[in-house]
Amino acid sequence: MPRLFTKMSSKAGAAPGTLVHIGQQRVEKVRLSLVTYGPDTIEEHQVDTLEEALSLCDGSGFTWLNIDGIHDIDLIEHLGQHFGIHPLTQEDILNTAHRPKFEEFEHYAYIVLKMLRYDAADNRVLTEQVSLILTGKTLISLQESPGDVFDPVRGRLHKGRSRIRKAGSDYLTYALIDAIVDHYFSILEQIGVQIEEIEDDTLSDPTPKVLQRIHRMKREILYLRKQIWPLREVVGVMAKEEPALIQSDTMIFLRDVHDHTIQIIETIESQRDILAGLLDMYMTGISNKMNEVMKVLTIMATIFIPITFIAGVYGMNFKYMPELEWPWGYAMVWVVMIAVVIVMVLYFNKKKWL
Amino acid sequence: MPRLFTKMSSKAGAAPGTLVHIGQQRVEKVRLSLVTYGPDTIEEHQVDTLEEALSLCDGSGFTWLNIDGIHDIDLIEHLGQHFGIHPLTQEDILNTAHRPKFEEFEHYAYIVLKMLRYDAADNRVLTEQVSLILTGKTLISLQESPGDVFDPVRGRLHKGRSRIRKAGSDYLTYALIDAIVDHYFSILEQIGVQIEEIEDDTLSDPTPKVLQRIHRMKREILYLRKQIWPLREVVGVMAKEEPALIQSDTMIFLRDVHDHTIQIIETIESQRDILAGLLDMYMTGISNKMNEVMKVLTIMATIFIPITFIAGVYGMNFKYMPELEWPWGYAMVWVVMIAVVIVMVLYFNKKKWL
Amino acid sequence: MPRLFTKMSSKAGAAPGTLVHIGQQRVEKVRLSLVTYGPDTIEEHQVDTLEEALSLCDGSGFTWLNIDGIHDIDLIEHLGQHFGIHPLTQEDILNTAHRPKFEEFEHYAYIVLKMLRYDAADNRVLTEQVSLILTGKTLISLQESPGDVFDPVRGRLHKGRSRIRKAGSDYLTYALIDAIVDHYFSILEQIGVQIEEIEDDTLSDPTPKVLQRIHRMKREILYLRKQIWPLREVVGVMAKEEPALIQSDTMIFLRDVHDHTIQIIETIESQRDILAGLLDMYMTGISNKMNEVMKVLTIMATIFIPITFIAGVYGMNFKYMPELEWPWGYAMVWVVMIAVVIVMVLYFNKKKWL
Amino acid sequence: MPRLFTKMSSKAGAAPGTLVHIGQQRVEKVRLSLVTYGPDTIEEHQVDTLEEALSLCDGSGFTWLNIDGIHDIDLIEHLGQHFGIHPLTQEDILNTAHRPKFEEFEHYAYIVLKMLRYDAADNRVLTEQVSLILTGKTLISLQESPGDVFDPVRGRLHKGRSRIRKAGSDYLTYALIDAIVDHYFSILEQIGVQIEEIEDDTLSDPTPKVLQRIHRMKREILYLRKQIWPLREVVGVMAKEEPALIQSDTMIFLRDVHDHTIQIIETIESQRDILAGLLDMYMTGISNKMNEVMKVLTIMATIFIPITFIAGVYGMNFKYMPELEWPWGYAMVWVVMIAVVIVMVLYFNKKKWL
Amino acid sequence: MPRLFTKMSSKAGAAPGTLVHIGQQRVEKVRLSLVTYGPDTIEEHQVDTLEEALSLCDGSGFTWLNIDGIHDIDLIEHLGQHFGIHPLTQEDILNTAHRPKFEEFEHYAYIVLKMLRYDAADNRVLTEQVSLILTGKTLISLQESPGDVFDPVRGRLHKGRSRIRKAGSDYLTYALIDAIVDHYFSILEQIGVQIEEIEDDTLSDPTPKVLQRIHRMKREILYLRKQIWPLREVVGVMAKEEPALIQSDTMIFLRDVHDHTIQIIETIESQRDILAGLLDMYMTGISNKMNEVMKVLTIMATIFIPITFIAGVYGMNFKYMPELEWPWGYAMVWVVMIAVVIVMVLYFNKKKWL
């Protein structure tokens, strides 16, 4: 099950700004990719060290530095020194248990988001933390592992004459956030499909296995919700407070992302409501089943108990039992027993138990 | 069941303003109708192309351009260029999965609403997206398929000397919103009638079928609620923030629509409460039924078990069983057994189980 | 059951301000009563037409025009023309499905309220809509049918030297609202008494009939709540926003009414909580009863099954069954069977099932 | 059970300010006690009439007039005339069904609070209304019956050189409110002890009696909550809006009372949560018990039904039943039956039903 | 179980500022530790009396006075006189039942927090109250007993050239709050581990013992929540209202703590949701088990009841029962009985009860 309660205590009491990587290391080696672009030019480099990357920035045009892997504390510290990033921000980059947030500093803006990935094998949602640092004409993005969510953005950058090439780094920031948020929809779709499956099973055959699936899905949704709720606030603040580093032209696009986040949250809440309803449905289904079992038992018992009693009566060994001597006694007993059965069946029929 | 989780992921990562039609194509060919009107004149044209429609606008008086069918991307793009509509708005028009919203741009206002239709055959509510673009003296309305919700408004336009002819495009905008919102009431009525049916069935005969109907209706309400809630905000913003494109005379009418949307939302919430209560009622009904089944079983078993035991005793083959030899033994056994039955019946009577 | 979902769809799409009476006609003929009063004088007239009433207003002193019956569209239209009432307000007066609201216009204030009546025969609450129009020195009140809720106010008017005679029409408005709100308390009392009855029945004897009464009462409360909640807002707005037509002396009285509406809402919420708790109590009561039934069955079955088995054993026809030949065999079997019964009874006693 | 729905309707429609005593008369004769004090002097008088009391006020120093018993309408009216108290306030003093509130008038402040008392015999909470009127250097307190909650404050007044002697009437007002609020803690403690008792009983032995106690306690808490919630608002307004009649030195003390009221409300909410949980626990306990009963029945039935069948088989009277003739037939039947029993016991053991 | 309802009534009615220690005395003797530090120097002293401590403060640099044990009323009073602390604050320090709060006075700020400790033996959370008084260059911290939560902060102080040495007492205040809040994470982790254990048990084997553990854990969470919720407000006020005694450089660190408190509260809420879901799971598990028991009973009874009846029939003693005389009668009866069993088994198979 997804760990709802991440380990953070290992750092308890440490000085703020103490750089400790919290989370699993997902790549062996940090990889950096650097894109420098302008309306007419674009260059992309895959480099291994931060020094190399920095030496490639010549100041003209806009720069997008993407870092895959965040466990290298030295690199983060170096990055911090070069771009003047507050120690607390450096700490937040390394801490993968952080809530999404937007923070504005004097000369840079810092955004933490969660990227979601659906693990089809395990039927669960995995999260990865993405940090975005927007400072002047440079955007730095830090991911835990290389992913393909940013690929469409990279593609658009390479197409000439697109808005993304002309607009500045703030528009690129928007584009990356938009790519992440758009990706949530596909996650929610996969979850929606599964919920509908569980729904069908609950209505048709409420086995204990279905109960476990409902429970697992409830936890999954709870986990997702915890990851996505703060996003609303983050994008809301960006779309409404008009941060200094974001140009007014980009604001309308951020408002569009804000609409999407609200839609995502509404969908999660709907899914939660449906799951909560499913547990009630399950319970009621179980009761219906038990009712059916009880009816079978009651019908069998109620039909056979009286006639077994009659058979018992004529199995008694009294010396003087006149019926036993009658020539039609045995036949009459059968008649009586069949009559009892018919009466019972009619009674159950009337009660609609059959 | 209504799809609560619409597909939107096909566009994930695309550039904003990329025009992709999201949703089902509901008409084969886009149809345009153009109404130009003023206090004294009115003309209506059915045309096939946007060019034709635009050529018919001579600038005098007010214009209402209604477009049925929104899958034609070229048409939307052309429309956008002609009226200076932002690419994001164009994208929103094509995306039928959008939440209702009101957005004000420099020279136009954009409103997205949901039109509801009740599918009697399938017993479910269908939604259709309506976009309204108010720009100066022109109102453009875009529907997914031709519908009859706007017919009364069209009728009022044709009646001479009515307020709608004299007031401007903003009043026409209001009139269309009002027609959509008023139509919600009839949907809620139909749902209300069905809920009352389900209610009666739950109270009189809680079968598993009723349970499924409760569940289906809960989902339907959940779906409706998700569609209608944002409406409150949309109309609220229009009625309170006094957008520049809407004249102060029209404001009072918008406030009236706002009252109606609140009433609609309150009704949906009531229906939700009642449905939630019905599930509890159903559960309790099932328990009552099981109780009744148990009572029948217990009464039958408790009456016959002791007398069957007595018959069993005198079926034993011991050599020395004095009772068997008594002349009245058999009769006495019957007396005892009948006495046991009477005692049991009195006991159950006292317990009010009969 | 109370109709929670009023018909409003018959008007869908009609022009705003279209005068259509929505609701049942409750009186055959509209009746008007006119009271003109000042600190020293008071005159009361029962008239049949609005013209007559208007001709009796001489402009000196204050005027209270009460109209019983609101189905006469011509009268409302005439009233609207004479006092300059907005078409939308006229529409609202005729629409008995309206939510309570307070609206301030340039030269008049419009208040819609719900008057409640308890139908003892049917055990349900009925609502009637009351419209109040305060315009200068005139107050117009419109009821659906003649009622006795305003009688105490009328009585106070006739008493000389009372505050109500000296204060203006705004104080009279307050007095009428106060009379309506005070009347709610008696309705809530009657409901409270019924809830306590249901409570006793639920605790002592949870029959399916009690379940239906709980359900009915829940719906009744839901209905009441929907009618009364908006009142809080209405009176709150009047008490806090100090409308121009209401003098500051009257404000303190409005705040007092506001306190009462809050108390009424709190009482309704308490009643709702109690009813919700009662359903749980009912469910638990049913479970307790089923438990008792099960215990009786289990005790009977568990005591008799072993001894019936023993009797069965000695009913077998084997040639060589030594026990059957023993002289004390039969007596010993009885001893064994009685011992089994005693052991079982002790066991159940220990389990506290007896 | 506590009456959640107080009678208030007897006054419906009466003129505001009509003085009617609503509630039970708790003392036979109104008693007044007058304390005049200053930093250096203090005098206390028990008087029988208001005239006497007023004649004892010489204007120097501060005055605390405590009135036990509020049913004497003449006295309240006289008091009102002497201190210039608004008729609505007079009405509120007499109405014991009033919600706690704080109201500021031109020259006095009016506070209504509820004093709680725990009736150990009946196991229920009783409320009594306290009105405080702070006007200049005089504080008037009105209680329904003489109580000992104010005794510690009276004691502190008599101690020389205490802050309460030096600070003015506003500090005395605070001191009385503080005494009332502090007393709530002891009430909550007594309720807490009872809840823990109910909790133990629910976990160990969920009898129908425990269910009734849970229900009673839930109602009691609901009642308490309704009385105490408004207090938060009352003290909050006093602590935050800095009323003119309260000196800034006293404000910090009021904020302290505010903290206490929040703590009291949080405790009530916790108690509510626990009680709600207890009902679930009770239900589950009942289910567990029923499960146990069912198991006993099933074990007995399942063990004895097959062996009784075997005995039945050899009780048949067929002419040719070879087993009956076997010398070891009887013994073998016993062996078979014992084997069946052992198999069954092993099966139940495996299922962990034993 | 944790006492949710602390004793506070012993003080009811006492004068405000009356110094009474409320809570358990946790240490025998109060111990004081004094740290005086500056960018370049640091000195630490363990002293026994306040006088000694005060004499060691020479005014240069910053001072941190930590007091373990708060039952010594004289010491608190002395401290209050020396630093000019309001009597109400002194009272709050002594009252361990206080809610977390932040209060700003003219020349000092007062913060109350709860320190949590997990008692592994008893499986419960213990709280301890911590008071922080920030006054100019001095920070006074008061704990109920010596703990190790502050040790990392003390360690950082001793490291030269760290931010904590250069920044003032307000930063030290932050550092202590941060240490307390960070410690909460480890508590939540331990609770999370336990919840997952309970979860596994509920899903695999819902015994009454598991039910008790769920209940205990629910209470524990309720208790924790009550302790931690006010923290959000406390740190929120500090982080947003920029108190005079806290420098703007420290603000960013406080905002970081604020983020952590929100994360803690979200985690507690998640844990609550999961526990609430577990009770439902438990209930459903019980129902599933009962269903299984019922099925076993029904299958056994339904298979054996008819064949026992058949055996009973041929155990009757009628003179004329032709079947008894048939040579293959006995064998045929066996055939019939086996056929009945096979039919029953097939039926149950079809019903998926086997």
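Per-chain residue numbering starts at 1, and chain names A, B, C, D and E are given in the order in which the chains are listed.
We take it that a contact is a pair of C-beta atoms (placed from the backbone, for glycine too) under 8 Å apart; a residue touches a chain by one contact, two chains touch by 3 or more.
Remember, predicted model here, so these are calculated numbers, not experimental data.
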item: Touching both chain B and chain C (chains); value: none
item: Touching chain A and also chain C, the following chains; value: B
item: Geometric centre distance via CA averages, chain E-chain D, whole Å; value: 26
item: Where chain B and chain E are represented by their mean Cα positions, the distance between them in whole Å; value: 43
item: Junction residues of chain B, two or more chains touched; value: 283, 287, 290, 294, 297, 301, 305, 308, 312, 315-317, 321
item: Topology of the chain contact graph, where touching chains are joined (line, ring, star, complete, other); value: ring
item: Neighbour-by-neighbour ring order, given that chain A leads and chain E comes next; value: A, E, D, C, B
item: Touching residues on chain D, where the partner in the complex is chain C; value: 1, 3-5, 7-9, 11-17, 86, 88, 97-99, 101, 103, 208, 211-212, 215, 218-219, 222, 226, 279, 282-283, 286-287, 289-290, 293-294, 296-297, 300-301, 304-305, 307-308, 311-312, 314-317, 321, 323-325, 327, 329-330, 333
item: Footprint of chain E on chain D - complex, ascending; value: 149, 151-153, 156, 162-164, 175, 178-179, 182-183, 185-186, 188-189, 191-192, 196, 199, 203, 252-253, 255-256, 259, 262-263, 266-267, 270-271, 273-274, 277, 280-281, 283-285, 287-288, 290-291, 294-295, 297-298, 301-302, 305-306, 308-309, 312-313, 315-321, 353
